[in-house]
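Order of writing sets the labels: A, B, C and D. Residues in every chain begin at 1.
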Amino acid sequence: MFPKTNEVKVMRDPVHGYIHVEYQVIWDLINSREFQRLRRIHQLGGTFQVYHSAEHSRFAHSLGVYEITRRMVNEVSGLKELSEEDKITVMCAALLHDLGHGPFSHAFEAITPVKHEVYTQRVILENTQVHEILKKISSDFPDKVASIIDYTHPNELLNQIVSGQLDADRMDYLLRDAYFSGTSYGNFDLERILRTMRVRENKIVVKKSGIHTVEDYIMARYHMYWQVYYHPVTRSYEAILHSLFKRMKDLYQKDPKQLSELKMFLPFLQQKDTITDHFKMDESAALYGFTLLSESNDPISKDLARRLLDRDLFEYEDIHDNQDLTRIKKQVENLGYDPDYYVITDEASQRPYKPYSGLEGHNIWILQENGQIEELSKVSDLVSAIVKANLKEDRKAFFPTH
Amino acid sequence: MFPKTNEVKVMRDPVHGYIHVEYQVIWDLINSREFQRLRRIHQLGGTFQVYHSAEHSRFAHSLGVYEITRRMVNEVSGLKELSEEDKITVMCAALLHDLGHGPFSHAFEAITPVKHEVYTQRVILENTQVHEILKKISSDFPDKVASIIDYTHPNELLNQIVSGQLDADRMDYLLRDAYFSGTSYGNFDLERILRTMRVRENKIVVKKSGIHTVEDYIMARYHMYWQVYYHPVTRSYEAILHSLFKRMKDLYQKDPKQLSELKMFLPFLQQKDTITDHFKMDESAALYGFTLLSESNDPISKDLARRLLDRDLFEYEDIHDNQDLTRIKKQVENLGYDPDYYVITDEASQRPYKPYSGLEGHNIWILQENGQIEELSKVSDLVSAIVKANLKEDRKAFFPTH
Amino acid sequence: MFPKTNEVKVMRDPVHGYIHVEYQVIWDLINSREFQRLRRIHQLGGTFQVYHSAEHSRFAHSLGVYEITRRMVNEVSGLKELSEEDKITVMCAALLHDLGHGPFSHAFEAITPVKHEVYTQRVILENTQVHEILKKISSDFPDKVASIIDYTHPNELLNQIVSGQLDADRMDYLLRDAYFSGTSYGNFDLERILRTMRVRENKIVVKKSGIHTVEDYIMARYHMYWQVYYHPVTRSYEAILHSLFKRMKDLYQKDPKQLSELKMFLPFLQQKDTITDHFKMDESAALYGFTLLSESNDPISKDLARRLLDRDLFEYEDIHDNQDLTRIKKQVENLGYDPDYYVITDEASQRPYKPYSGLEGHNIWILQENGQIEELSKVSDLVSAIVKANLKEDRKAFFPTH
Amino acid sequence: MFPKTNEVKVMRDPVHGYIHVEYQVIWDLINSREFQRLRRIHQLGGTFQVYHSAEHSRFAHSLGVYEITRRMVNEVSGLKELSEEDKITVMCAALLHDLGHGPFSHAFEAITPVKHEVYTQRVILENTQVHEILKKISSDFPDKVASIIDYTHPNELLNQIVSGQLDADRMDYLLRDAYFSGTSYGNFDLERILRTMRVRENKIVVKKSGIHTVEDYIMARYHMYWQVYYHPVTRSYEAILHSLFKRMKDLYQKDPKQLSELKMFLPFLQQKDTITDHFKMDESAALYGFTLLSESNDPISKDLARRLLDRDLFEYEDIHDNQDLTRIKKQVENLGYDPDYYVITDEASQRPYKPYSGLEGHNIWILQENGQIEELSKVSDLVSAIVKANLKEDRKAFFPTH
């Protein structure tokens, strides 16, 4: 029912040593065109504009999430006991969870209101190579895989493996982004986390002896956010992306013909995109589109596209109140720019860990020596301090100064 | 004359820790559009099809070559004594030496007969941002920089720093390609090489006490060639690229209109490409072009383009004689493919070190304890053995089997 | 006045790449017998009983503290401006700050009431090779060096470099202990800390842009304490050491002749130890002493010494109140052991950072963008949370169970 | 018959991540006093006098050899099929193979003619904790374990795992010595070697696809020999050790009473050493003995012992002929030293790989694609070149110059 490859296939990976594949369905999914497309989408959106070596793709990350999941279901006591079908389902979900991403992730959502999660579901469930491969297992297998990504699979453990506050996705991206950016912040002891993981009361938990490793993981998240993900230069690049996509949408609404050359974007502007349009919309297409836009007649999109290609980014400033913003807008107008596209604000604020009351499976649970489980912030002084701390927000405006 | 940045700028780099910039001209070059374009060109052509994490760009590599050069002219006794102008000239040359690369490097030369070295010269000498920045130093400064890349600068030491068998270019790419591919083969002790480098008789030499480190570097080259650069899957991808470019050229010669949609390739097919056409021809443009081709009416380019996008690569086989080749061609014809595009052969053969008699500056020289210098293979038993060994060639055919 | 070595000497070091020596006085100190003695004293006392690879010595650590200090006075703006004499004084102090350590550090203080800091002063100021070497610089140079280690040098910056909450000592040991124990917890970005260090108001400060790196360093301390330094097995080994030294002292007070074979310990038991006795009292001497004790007639020291040699350590248990302790003592008596030597309690409690009001130079200071400096916990939400958190204490008893 | 520990025990190790123990017999052996003694013997004799951080012990190395062996018998196809008893026997042998080492390894053999291999056999077969633990498995189990170390076990595969030119011992020490010395030379891709290992014709072989990894391993050996193991400073330290042990032997033969204080050495000088004497003769005992000797009345042993403790080593010079040696001896006599103890010569010469005709199991075998196996140098151009090369010898004299 679940055929294996004739020998274990391996792929060298700097984060995990090797990615191991032993099921034919996994191997086929990796070789599917929709999965190969992820090679053409950066994992970190605009971050490689700050950390020039962070040029890795969602392809590499997706393999990593799969590999951690594979190890969890093979090595963690309580998950090892899952049925073979459950194991394969969750490994497929881990591999495929990012399929729906478009170029530059969230910024792209300024063109199309459809979230990447929706596209992921569509790629799994509609007429694609991925869908064909999954269906060969059984007719309801695509649905099962999709339901894990949706967090609605009846076996909650499977959902928790892929999405939670200590899931395969986050563990891979912290390690991977640290490796490729060349920072040490994202490192934590994955081996020890896997070794101290257990299952209790239908939840993935970590033994008390691993609590400091979990604290270290929480801190890794904290530092990666501030040093890498929320770096102002990353946000500046994304602000311009946002403005450019917004500009295209506005132009299209006024006069669709202006954008007739930009075939790759049209289906999205028309909100008639098929799964094939989505397939073709990778970062190559977007960047080539920017090259075309950098020669267009519309001065705003021409300028914004050029800025993206040439890394001529916006400056930034902390915004404390509306006066700050008004002043900046005036400045920008004086330079001849339209503040609608040339003054972008965003807010970065994160807590590296939050206990949820509704979504208990998302929490991190610690297995006490007496066999009870407790939510992390109840037993870690450090995490408790962070949960209670009044973490400042960071609101910034991005705008040109010349 | 050579203004400095107001403080030393640094960029985090996993290979060198940090890239350090203290001259304004370097900073301006990094921020030029032609240099930023290198972010859109993979360092290793098709290698990321084998080593999925080897997705780094020529941008990162070029910064690394610059950084090693910067350290050489600041730390190596004999180079520290160069004039400030010579130092800056060679740092600029190191930074810019790869500017002329097109997408997928050598494969692209199947479309245009112009070598990337020629484009590098043009970007430095013609009307570009890079040229403007260099000219601000002095009117002949662009020529000086270009001459180092050309190996014709009157100060031979400068040429040797950038091109030789122990140059900043090779040292960076071995370390960098090893890091990003996740293999350990390319590692060698850069610190010790820099520490044992000296200058004698107008040559860069290495002290005897560093000879084992140099041997280790030679072995790193040897292993990287076989494990990474000449990996058959890399060569398979490049074989298809070559065939696709050849097909486009053939189609264009028969009937140019067929390719009218592929605006990015036309100037090269017409052999009328300007430096702006070259600027726009990055991997995004090429890949988007392949997306268009994968929907074209020509079945050959349609199929080849799809293979590249979906990583549906050719199989390969060792070729010992013409019979092997004839047999394979027949097989391929039986499958309905045109062997002109569907059977590609190449030969991989490399010696990790060769002593040249004409180009003595390219050799590696060892400084003996008595003050004499000797060519490496004269004093290293190991290298001598390799130079004399009858290293086998590896000739392969690449072709589809389904 | 400060002669240099004829070329820069280097020593390979896995933490710093190389240790660089350019002054003859540093080179001579490294080669002095008192400094070479540090090779015979483990850096981490009993920790190698838990992390078997943490077998590094105070010799290696002392070189590391020197190297960080050397970099600080050469690279940090505000320290680069120190006089050559101040720089050399602080480099000597960094190198020599651990000279006074005896075997197994604090445990040894159960034999002799003299603290290792006092011995360090004596080795620098009394009749030793180290003293001779320092005196060659000037007659008051030994006193200057000693005063930094004592935190009484008139130039407070020098004291802060060697002792503070962000000093060369702590930075080296976190990185080094992490490397040799094979844990990742102690890692932090030393390069970035050095790059963002400045001097303001006679204090070493860190620029705001480095605050997350400092937070990461604080967390590294936190984790190393719990995972490595306060690991219960380390404490168990040290508990037995403490008991054995105490037993020797008690035996000696009753009847000195009993210990006549243990020549290495006698001067300390008599409290008549000279600096030569201290020189000879390294871990080899102590361990050989334990070998002799393991064959002695006193059953307690015989048993305790054997336990240390054979790693037959005590078990441990959390102590919540006196009842716990009474119960354990009874248990141990029932096994036939004397609780005075066989039930040892200790308390581990640490805050990875504490703001002091008296010792302001010990605090970590952040340089705001407006030029003001603020104590770390005032500007870091994370550190503030930790300073305010009610960190639990960890009180344990160590005792045999068989 | 082979009880398991109640859960898998792990020990953090920087080379292998973790050492995994699942059999009680392995856990008991690790906790035996004879195995714990290995913590008191450096892995690399005098090498830490050159690479100050190479302070690791034979304890850590022995765990590493065990771990590689454990992986081989669990992961390598052809070894996975061994009986449980064979697997445990070879894991025990791997763990225990270095038990017989005395302090400073080969130098110690100047005192006692007994080789360390003989002691290893004795510790396994005589009245020791190790012997008791092994005997609990079965009465002939100690003999079986010993026979592997002796290369006489009837199942030749077991012998090859522990001793050969690609065995667990060498693979661990190359990686470990590289890590702790801080050099990169010893690195090679252990994962890939394990992945490409197979068994054919009762030999451990490596698949053709792993040949470059094996070449890299051979080069790692080559470089470690010259950069680390045969470093002249290591050899200088060992030359003095050799002279001091020789001097003790000579003194003892003339007048045994002179050495009556040196109880630790007496049984060996008398050639009446028991296995308990061997147990007590660790590096602590030897070093404490040197401390005593450094205060003795014999000026030669007093001086040599002091040189070892204070690292006041001999200088060295290449020896080309007897004239060189005669000249040096005269020099040394002129300084007032006895050349018998003060001029030591040694020869370093190594080939990183040699094909043996008698001991075929020691060779490295490559499994061709056609299923045939070939000895490595027959199929590797590189190794063939090295085997044929005329590698120079390095003969040096070590002597004092002041």
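Convention: contacts are C-beta pairs under 8 Å (C-beta built on N, C-alpha and C of every residue); 3 or more make two chains touch, one makes a residue touch a chain.
The structure presented is a predicted model; accordingly, all values stated were derived computationally and were not measured.
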{"item": "Pair joined by the larger number of C-beta contacts - A-D, B-D", "value": "B-D"}
{"item": "Chain located farthest away, centre of subunit B as origin (C-alpha)", "value": "C"}
{"item": "Centre distance in Å when subunit A and subunit D are each reduced to the mean of their C-alpha atoms", "value": "50"}
{"item": "For subunit A paired with subunit B, centre-to-centre distance based on mean C-alpha positions, whole Å", "value": "32"}
{"item": "Inter-chain centre distance, subunit B versus subunit D - centres from mean C-alpha coordinates, in Å", "value": "44"}
{"item": "Touching two or more other chains - residue numbers and ranges from subunit D", "value": "17, 183"}
{"item": "For the subunit C and subunit B complex, residues of the former touching the latter", "value": "10, 17-18, 191, 195"}
{"item": "Sites on subunit A touched by subunit B in the complex", "value": "11-15, 17, 31-33, 36-37, 39-40, 48, 51-53, 55-57, 59-60, 63, 179-183, 264, 280, 282-288, 291, 309-312"}
{"item": "Contact set on subunit A toward subunit C in their complex", "value": "183-185, 187-189, 212, 215-216, 219, 222-223, 226-227, 381-382, 384-386, 388-392"}
